[in-house]
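Input: structures, listed below.
The same subunit A turns up in both complexes below, where it pairs with subunit B and then with subunit C.
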Partner chain A sequence: MNAVVADITYRAMLGRKRIWLLALLPAALIGMAALLRLIGGPDEHTAVTLMQTFSIGTMLPLLGLIAGTGVIAPEIEDGTIMHLLAKPISRPVIALTKFAVAASLVAVFGALSTFVAAFLLIRDESGVAYGFTLGALVGGVAYAAVFMLVGVLTRHAVTVGVIYALVWEGLVGGYVPGARSLSIQQWAQSIADRISSSAFLTSNVSLGFAVPAMIIVTVGALVWAGQRLRSLSLTGDE
Partner chain B sequence: MMPEPTGVIHDIGYRHYEGARLGRGNAFMALALHSLRGAFGFGRTARAKIMPLLLVTIMLLPAVVSIAVMALVKQPAMRYHEYAVIMQAVLAIFLAAQAPYLVAPDLRFRVLPLYLSRPVGVLDYLGAKLAAMSVAMFLVLALPLTLLFAGELLVDLPGPPKTGEYFASMGGAVILAVLLASLGLALASFTPRRGLGVASVIAFYLFTSAVTAVFFGVLMSMGEDAAAKWSMMVSPFFLVDSVQVALFGTDPSNGEGYPPGLWSCVILLAVIAVALSGLVLRYRKAASS
Partner chain C sequence: MTMTTTPTTTRHSVVELTQVSRWYGNVVAVNDVTMTIGPGVTGLLGPNGAGKSTLLHMMAGFLAPSGGSATLNGRRIWRNHEIYRLIGLVPEKEAVYGFLTGWQFVLSAARLHGLPSPADAATRALDLVEMSPAKDRRIETYSKGMRQRVKVAAALVHDPQVLLLDEPFNGMDPRQRLHLMDLVRQLGEAGRTILFSSHILEEVERVAQQIEVLVAGRHAASGNFREIRRRMTDRPHLFRVRSSDDRRLAAALIADASSSAVSLTDQGVEVQAVDFSRFTSLLPKLARDLDIHLWQVSPTDEDLESVFSYLISRSSA
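After this line comes the complex of A and B, so read on.
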């Protein structure tokens, strides 16, 4: 970990328009929770639906995508990563630092807003709020690692990430049950299901598979990104 | 006393342009055509062609499968009017991948003044980009619909061909293309970075679909069917589907129906108007800077 690199990355992430994308979705989640409470449907089923479709299903992949690619892809795109790579800092350390920044942003914006929204709806009824908060936290960290790797691997990181989140997890995962076991979203739901005792929440993937898979994917993505940074070529396209 | 001027003008072969000046209309057409080609990756690098052609292929897949099913079991498989709603994720990805390409590089490299020093004005520039994006979105949706229709005519199912339904869906495709193009360009034009543009367009799509899903589910389970149907209007795809139902009388693709009357058309026009005014305001600012 390198404090200076982390500091610069934080400033790049929070100082530009990206903070709006980071802050808008959590704000919308809390707003929806408040609205649902106002129109009088704050039961457990509503809360689980909101958490599943909006928090874990929509906000988390997007936050992971924005934070994960945002910490490194713009620098690669405009070539300023050269100044960073030319410094005597080991490349895996750079990758680890960038990942730590992305993961902390997803944790603050994603997990915190998930907790606030769930708590607003049903307080701590059957542990829904705690379960989804932990699920969002762990899932967000995994998303940040994977999308940062994609950001290092390709110039079209955002498009590739969107296709993974939308087509694989959304479309294919909806029709092919086997695809669900290879989806970060479903792993996050397994963790939420473990902690929450709600009857409305059923997970498709067993916890014994989800937790090791999550750890392997996160660590693997980090190591690969670090290795990839050691031999990064900066040939432009378009 | 001044010395005699000794400069000599050499003729080094530069020529004046003496052909016809084609004017504003041709500049508009050239810009629109260039943008349309670019949206499908033509005239760009090989890597830029992968994504649009892949997405077009994915769009065609259900039509091909559907024709095969029609040929084998002599029954219609996929209906025309629900094609856009079923394939909405692919359409949204195409929009998110291509809308930023049309607007972001010109903003990023600050070449807008170069366009505007020609007879092309801000509105011409925007009109050309909007036309290109709309035609691109329309083609992506109209191609599989037309293929499906051609397949249906060739397979010759029992009963009359569903010509009316096909043309209604093509009408819906035009409306959807214009709505998506205005929304996509408006969202993408707010950032000069392409990655961020892709993320904002897709975030908008995911956000509206999730809001629709959550409120529709919750309101239906509370028994508030009328309010639940109104909540469908948040998603652009269901909004256009409801316009299609109201204008052309097709079956609703959401299984529940929409609020009665022409309110959906009013909402549609309002959304397009908001998106276009956002776009114009953004470019007024960009052109003056």
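After this line comes the complex of A and C, so read on.
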């Protein structure tokens, strides 16, 4: 980990308009929870549905996409990353630091807002708030690693990321049983299910598969991104 | 203008390219280039699209050679982050972190290099490029020339033995340009190995002791600026001359050995001069002796492209 790389990356992510992108969906989640609380007594079923569909189903992959690609792809695109790469620092360390920044942002904006929203709805009933918070935290970390890898591999990171998040996770993962096993969203729900005792929450993937899969994907994406960064070709304007 | 004294260096570094090629699909950007860049200032000269940036990026470790090898002091450059302890790089791309101030940018470079006194090093580097007065402004408020100077400061912050600059004088006003030229010269005199690319001969001539000419990805010529200038001047020149009596002038010109071919066209006389200095002194003398008025004397192939084309045709002959 390198403090200077982290400092520049945080400034790039939080000091500009991107912070509003990061804050928008969590604000919407908390706003919806507050609204449901105001208009009538929200039940456990409503809370679980909101967490499943919006928090983990929509917000988390999009936050992972914004943070994961945002920490590196724009810098590769405009060439500013040369400032970091032309230094005697190992490229995997740069990748690891950028991942840590992305993961921390997803944790703060994703997991924290999930907890606040769930707690606002049903307090700590059946451990739903704790379950989804941990699920969002672990899932967010995996998303950050995968999308940072996409940001290093392709100049079309956002397009690829949106297709993955919406088509694979949202569509294919929702309807094709086999594909659910290969979905970060499903792994996050499996962790939430383990912590929560709610009868409304059932996961399609076992914890015994979800946790190792999550670790393998996160570590694999980080190693790949570090190696890819070592061989990154940057050219001039010619 | 006050010049800050540049630090002296004792170790000499050598960048070596051996039969280096780089291609993108079927397009060859750099073709079988062998050159050694030693201490002092070397100018990499060539027209736009000649492959200068590609070559420089291979020397900087940002591009893998498709063939051949690029080394610094015998150590492979590609995928070797340790070489950046010796290299300072000023890329052509203007993009820098606009949200940082000049001070933060250069200080971050010093800290990324792990220097023992990063603040002192950043102060020294900003002084060198005369950017201290503007150091607390965000880079996004800088002019193109100021951005260029702050990039140079960041590249110099660790006092590198090798400095690679891609079109460094672009966007600078004349005063800034002269100042950076002075700085580059001083660094070269202090024994650093400096390579900068440019497509402007006069720019290279003013700063570099050694010139490497790249044309269409090929190493077309190499030498000191006098040698390169002589080869550029001694090439056959094509002139178009309009006068009060084209026919008589053509007959007089073809009788002299300074011209290899003379033809009459609708636009006047076209002369292929093989001895540039003799032809340019002969023409007014002939006109005076024959009482012919010269309306127009214009070179038709003075653009850099044709000069470079000539050099490469000579190098491949």
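Everything below uses one rule, namely that the second predicted complex is superposed on the first by the 233 of 238 C-alpha atoms of A that agree within 3 Å, B and C clash if a C-alpha of one lies under 4 Å from a C-alpha of the other, contacts with A are read in each partner's own complex, and residues count from 1 in each chain.
To be clear about the criterion, a contact is a pair of C-beta atoms (placed from the backbone, for glycine too) under 8 Å apart; a residue touches a chain by one contact, two chains touch by 3 or more.
For clarity, every value in this text was computed on a predicted model and none was experimentally measured.
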item	value
Superposition on subunit A - do subunit B and subunit C clash or fit	fit
Which of subunit B and subunit C A:1 touches, first, second, both or neither	neither
Which of subunit B and subunit C A:49 touches, first, second, both or neither	first
Touching partner for A:87 - first (subunit B), second (subunit C), both, neither	second
First, second, both or neither for A:171, with subunit B first and subunit C second	first
Subunit A residues touched by each partner, larger count belonging to subunit B or subunit C	B
Touching partner for A:207 - first (subunit B), second (subunit C), both, neither	neither
Touching partner for A:15 - first (subunit B), second (subunit C), both, neither	second
Contacts of A:65 with subunit B and subunit C, given as first, second, both or neither	first
Subunit C versus subunit B - closest C-alpha approach in the superposed model, Å	8
Shared contact residues on subunit A - subunit B and subunit C	237-238
Contact footprint of subunit A on subunit B as seen in their complex	44-45, 47-48, 51, 89-90, 92-93, 96-97, 105, 190-191, 193, 195-196, 198-200, 202-203, 206-207, 209-211, 213-215, 217-219, 221-222
Touch list for subunit C against partner subunit A, complex	29, 48-54, 56-57, 60-64, 79, 81-85, 87, 89, 91-93, 95-97, 99-100, 105, 108-109, 111-114, 154, 166
List of subunit A residues in touch with subunit B within their complex	17-18, 21, 24-25, 28, 32, 36, 39-41, 45-46, 49-50, 53-54, 57-59, 61-62, 65-66, 69, 73-74, 77, 156-159, 162-163, 166-167, 170-171, 237-238
Subunit C partner contacts - residues on subunit A that touch it in the complex	2-5, 7-8, 11-12, 15-16, 78-80, 82-91, 230-238
